[in-house]
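Look at the two complexes coming up: chain A is in both, with chain B in one and chain C in the other.
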Partner chain A sequence: MIAPADVVMNLRTQTHATRSVDGPRGAAASAAPHRPTRGTDIRLYHRWAAWGFLAPITIYLIAFYAYPLYRNVDLSLRHYTVRSFVYGDAEFIGLDNYRTVLADPTFLPALGHTVVFTVVSLALQFSIGMALAVFFAQHFRLSVALRALFLVPWLLPLIVSASTWSWMLNSESGIVNAALSLLGAEPLNWLTSPEWSLASVTIANVWIGVPFNLVVLYSGLQAIDPALHEAAMLDGATSWQRFWRITFPLLRPVSAITLLLGLVYTLKVFDIIWIMTKGGPVDSSTTFATWSYRLGFGNPLPAFGPGAAVGNLLILAAVLFGLAYIRAQRRQHP
Partner chain B sequence: MRRYTKGFVALTVSIAAVACTTACSSSGSSGGGSAQSAYTVWDPYPQYDANSDWVKLLTKCGTDAGATITRTGYDTTDLTTKVLLAAQQGTAPDVLIIDNPVISTLAEAGVLASSDDTKLDTAAISPNLLGAGQSGGKTYGIPIGANTLALYYNKAVLQAAGVDIASVTDWKSLTAALAKVKAAGKKGITFSAIGTEEGSFQFLPWFWGSGAGLTKLDSAEAVAALALWTDWLKQGYAPNSVINNTQTTSWQEFATGEYAFAENGTWQLGNAKKAGFEYGIVAVPGIDGGTAAAPTGGEFVSVPLQKDTGRYAITQKLVTCVGSTDNSLATVTALNYIAPTEAVQAKQVAANAELKVWVDAVKAAKGRTGDGLGTKYPKISQQLWTAVQAALSGSKTPQAALTDAQMAAAAATK
Partner chain C sequence: MTTKTTWWKTAVALAATAVMLFPVYWMLTVSFTADRRMRKTPPDWFPIHGTLDGYRAVFDQQLPYLATSLVVGLGTVALTLAIAAPAGYALAKLHPRGGGVLSFLLLVAQMIPGIIMAMGYYAFLLNVGMLNTLPGLIVADSTIAVPFGVLIYTAFVRGVPDELIQAAVVDGAGTVRTFWSVVMPVSRNATVTVSLFAFLWAWSDFIFASTLDSGGRQRPITLGIYHYIGNNNQEWNAIMATAVVASVPATFLLIIAQRYVATGVTAGAVKD
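After this line comes the complex of A and B, so read on.
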């Protein structure tokens, strides 16, 4: 099954290769009379042209990625007060900010919340997204319209969806508590009790993340040859077996990238939590992302150093998972 | 790929060098290059556009002082960071209007010029208001106006519950009134106990009203104040949603007409008139009666440091013009504030007798960064609002929450 695709890929790269080689060769042939000097000229010219084409992206990468990253690392290694922030004479203190952050009573709860928030969000987003994708893969009437409806959370600005959730989950006037009391259940303090705040923000985040998983997995499903399912069906496989033996394994590459992207998105989720609970009450829904913001900006007297340190730990976590993904990829396609 | 590496590095370095030179030269020239008569003003009033009275006043004061004004309104929470960044780049505005508790932080950062340099006259300003702008014996600006907190009450709800507002004089009688309101099927009181500076701001009248001080968060008085709020939640006199309420959402609860009391600020007067029910205002009572000191809110007009000190002369004219008696009345009316000087306060009450209770509240109020706290205040305040959240959400007792808060605050302000 994989073979034809590979052939197509090879063909494509080959035509590409010949085309790109063709250009310069043709130019060199027309300039044949002055070969010795022109040849080196052209080679030099081509090299500089290559650099010229590279320059915009290089400048862009340095100015918008490398330099800010460097500044953030630098920020986390210095003792910044508001005064030294303005006058730029912050003293270098090595890893002290990291030690402060690690020793902070918020560290362990924030770590735990980040892990729980990320794992539960990913698991639910992925399984609900997968279920919906499989559901919508069987075309039926209105399936397109319904699928479009599922995309709404994705289209809404986060501030709108987070504010709406926070209004729905309000202890006093929220629609969720009103529904619970209609059913005869006790109303819950969704956002204002330490037991429920993390669950509330996780639920909101899952709702926002499902459309992304649905779309990516759905398009992954389109790439699976229906003939496989037909063959399996003729062999008497149940739909459950067909899902686990055909759909799921063939979706593995798509699933992996969906999970990785979902992980990076979820690790850095900030707006939803900040709008709904501000990470509280006390630290009960604080993750690394909100903690970093609170240290750096959520207080009239900003603590830039520790804030940057927490941010760097978060980046490090995302990079580690990225590397793990690349390793897993390599193992799959040696 | 490997043979390109050397050239690649060289190119990268040269690009970086070019980028750096341009960046350096541009930031270096920005101080003195601008025209002498162009002055910049930053304020936290993005709701006012170029046609508003406030901006017109700025423009007029600028023209009188011989300057063209470029004014930008920022969201109040963004302004501190914006100013710190601007000061770092040497592009701070000439005049900065900023929330009063931030003044001590900016002064500490060396961003603001003191009145010694700017020759601002602060003699007429009420000392309790000016206190928020003083740090290390120097004054860093003048209050543009003040606001503070008091209790709004819904007359119909109180009447239905059989509560006479005159009987509410201390915490005991207030709690008794809340009990009656609850028994009558209405809701007691709403306030904002959110985990930000707003939460501390709203708790402070009760905190100070108990006799507690910010240097000792775990005193018996402080515990009594936090226990008062915690009990209100337990008894159902205050809704659980206060833990997440901002002052705006708390006001929205009161505006439903279901609540007897709401702790809120001067700036809600405009909305109170639109609420559609009769309301009254009383000062926050102290534990055993009297008026509790509420924290002062409102912004200061300050002057960020400039490399070119010659600019202060015109800046001083500009600030004096904005703060002058005639203009001050227009400004505080536009912003729903109480004036910082007695002369203008008297004019305000003469024009609108309803403001009397607010003028009294402002006179009794005190600055959060006063008592020599300065930049220690933000650190203490963070522990205070955390303790309030911990006690109200039931994760700690008031005593335990405040003991932890005091330990953390002492460590942070060492």
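After this line comes the complex of A and C, so read on.
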């Protein structure tokens, strides 16, 4: 955590220093060498003014990010019950909650489902988004309007999308099974059988994630010089070759960021799974996010400590991937 | 490119859009379907014997939820703007010491899963007696939008010409006045983008609502739908009608404010 922050700070101070030498401040110093104190005053004033403007966000970050996170760590290290929640006298038990969670029979399935859900969602969202972006970049009649319509799934409230998918995938009256029987296939118990529940929530999540991938990759495509494609076309390259030899390599930085943002987002997914299956049946679609919620809020007798412990394992993963994201972004803008 | 190939592409795009938007079509269809035809096999593909029963149920039962969501959404917008706009200005133009660390922390803040924040807020709001209150929910919802808001404002204000700000300083304006009378008016687009997304996210929020406000007297529309699903499993036209009404802000965003949406989606990922 410390090292990258330092790098960011160093980068900023360096650019800052360069700017002040080249910029108006340097010019003012040489033009008015007999008034050096005034320049220092203004600089000092600006610095104080800056922190005046930053005061709300700083207080906000401490009160509404740092403190809840601290409370969450505290929750995971104590034995909390509803009573001790109110009176604040929960017993400190160290890493016991983490041990409980790691030994829980739900741990390995939840880990597996989180990995499968994340990897499959990302792979499908990204490849479908990429195919659509390349397709829509060709500018045909109605392309702008249709591309805009593709944003709909991303903008809808998750509860709306999730409940619509629940009904579409309903075993007896769902439209998906009706379509399957039209094709002569057997109906499936999408949400109520352990074999299909994870696939069902993954399908819904891919549907929600495609628009984001499409929009970001599309804007990345706009930055590629069309002359490259024209030159390759003159050399007789097929469109397949042009995609793999020109578009794909040049889009690599944007792709990396799209995938990493998608990954951080997918790790967080809770609403869709909880509304569609509640993680069931028998944990068959439980991920870390839904497990943490169920432990803390989904039972009549809440297990806040273990719930917080699962949440902290999730945050560890998110922060690791976040650092990877920042590295990738720096590589794109050195 | 000849006209013939263009038409072929439009046809493929129309088909792809139809597949992608089918769930939305289905939501609309089910919202008009009568109860007795709901469990028919095979289901009706079009709402031929349509009914407005679902929408009647929405107006009878869901209006308080919708009003609550409106209040929560507007409150979240106000709080987000009040925090994010000054921060964006300072980070973009005033070169504060430690600004880089702050930007980094905001980036990390965006990656924290909502369920973790929810658990921390639950403990925090319970102790200060704000569990199941709207201010508590507004504060929690604003944390979804504030880092994004600072990002948008910083990027936007950075593009405001220095000359404009210096002109204000020469005219004798202090930093606060410069911010309020020069930077804020020219940053109107950033304000619109941040407001739209802050509202949409607060309106759509389910995780904070279900953890922090599930026992409240005023509950948002996402909980309205959720309880509908739990309570009367049969009336899917009412559930889908509520879903349609809950989608109105998103539709508005898409039709009226589409260019702001594109700015918002790409701002975090691609810098020009």
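Everything below uses one rule, namely that the second predicted complex is superposed on the first by the 276 of 334 C-alpha atoms of A that agree within 3 Å, B and C clash if a C-alpha of one lies under 4 Å from a C-alpha of the other, contacts with A are read in each partner's own complex, and residues count from 1 in each chain.
Everything that follows uses one rule, which is that a residue touches a chain if its C-beta (ideal position, glycine included) is under 8 Å from a C-beta of that chain, and two chains touch if they have at least 3 such contacts.
Owing to the predicted nature of the structure, the values given are computational and were not obtained by experimental measurement.
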**OP:** Return first, second, both or neither, reflecting whether A:Glu172 touches chain B, chain C, both chains, or no partner chain.
**Re:** both
**OP:** May I ask you to decide whether A:Leu301 touches chain B, chain C, both, or neither, giving the answer as first, second, both or neither?
**Re:** first
**OP:** Would you sort A:Val101 into first (chain B), second (chain C), both or neither based on which partner it touches?
**Re:** neither
Original post:
After lining up the shared chain so the two structures overlap, which partner does A:Arg47 touch, if you call chain B first and chain C second: first, second, both or neither?
Top reply: both
Original post:
Is A:Thr58 contacted by the first partner chain B, the second partner chain C, both or neither?
Top reply: both
Original post:
In this superposed model, does chain C or chain B come into contact with more residues of chain A?
Top reply: C
**OP:** Considering only the touch criterion stated at the top, classify A:Ser193 as touching first (chain B), second (chain C), both, or neither.
**Re:** first
Original post:
Given the touch rule stated above, what does A:Ser284 touch, chain B (first), chain C (second), both, or neither?
Top reply: first
Subject >> Partner chain in contact with A:Tyr87 - chain B first, chain C second, else both or neither >> reply: first
**OP:** Residue by residue on chain A, keep only those touching chain B in one complex and chain C in the other, then list them.
**Re:** 47, 51, 54, 58, 85-86, 88, 166, 172-173, 297
Subject >> Touching residues (chain side chain C, partner chain A) in the complex >> reply: 1, 6-7, 9-10, 12-14, 16-17, 20-21, 23-24, 26-27, 30, 38-43, 82-84, 86-87, 89-91, 94-124, 126-127, 139-140, 142-143, 146, 150, 162, 166, 175-176, 179, 200, 203-204, 206-207, 210-211, 222, 225-226, 229, 236, 239-240, 243, 246-247, 250, 253-254, 258, 261-262, 265-266, 268-271
**OP:** Spell out the part of chain B that touches chain A in their complex, as residue ranges.
**Re:** 7-8, 11-12, 15-16, 19, 80-81, 84, 87-88, 101-102, 105-106, 108-111, 194-197, 239-241, 243-244, 253, 256, 375, 377-379, 381-382, 386, 389-390, 392-396
**OP:** Could you pull out which chain A residues touch chain B in their complex?
**Re:** 47, 51, 54-55, 58-59, 62-63, 81-83, 85-88, 166, 170-173, 189, 191-194, 277-282, 284, 297-302
Subject >> For the chain A and chain C complex, residues of the former touching the latter >> reply: 4-5, 8-9, 11-13, 16, 19, 24, 46-47, 49-54, 56-58, 60-61, 64-65, 67-72, 74-75, 85-86, 88, 132, 135-136, 138, 140-143, 146, 148-161, 163-168, 172-173, 175, 178, 181-182, 207, 210, 212, 215-216, 219-220, 223, 254, 257-258, 261, 264, 267-268, 270-271, 275, 289, 292-293, 296-297, 304, 307-308, 311-312, 314-315, 318-319, 321-322, 325-326, 333
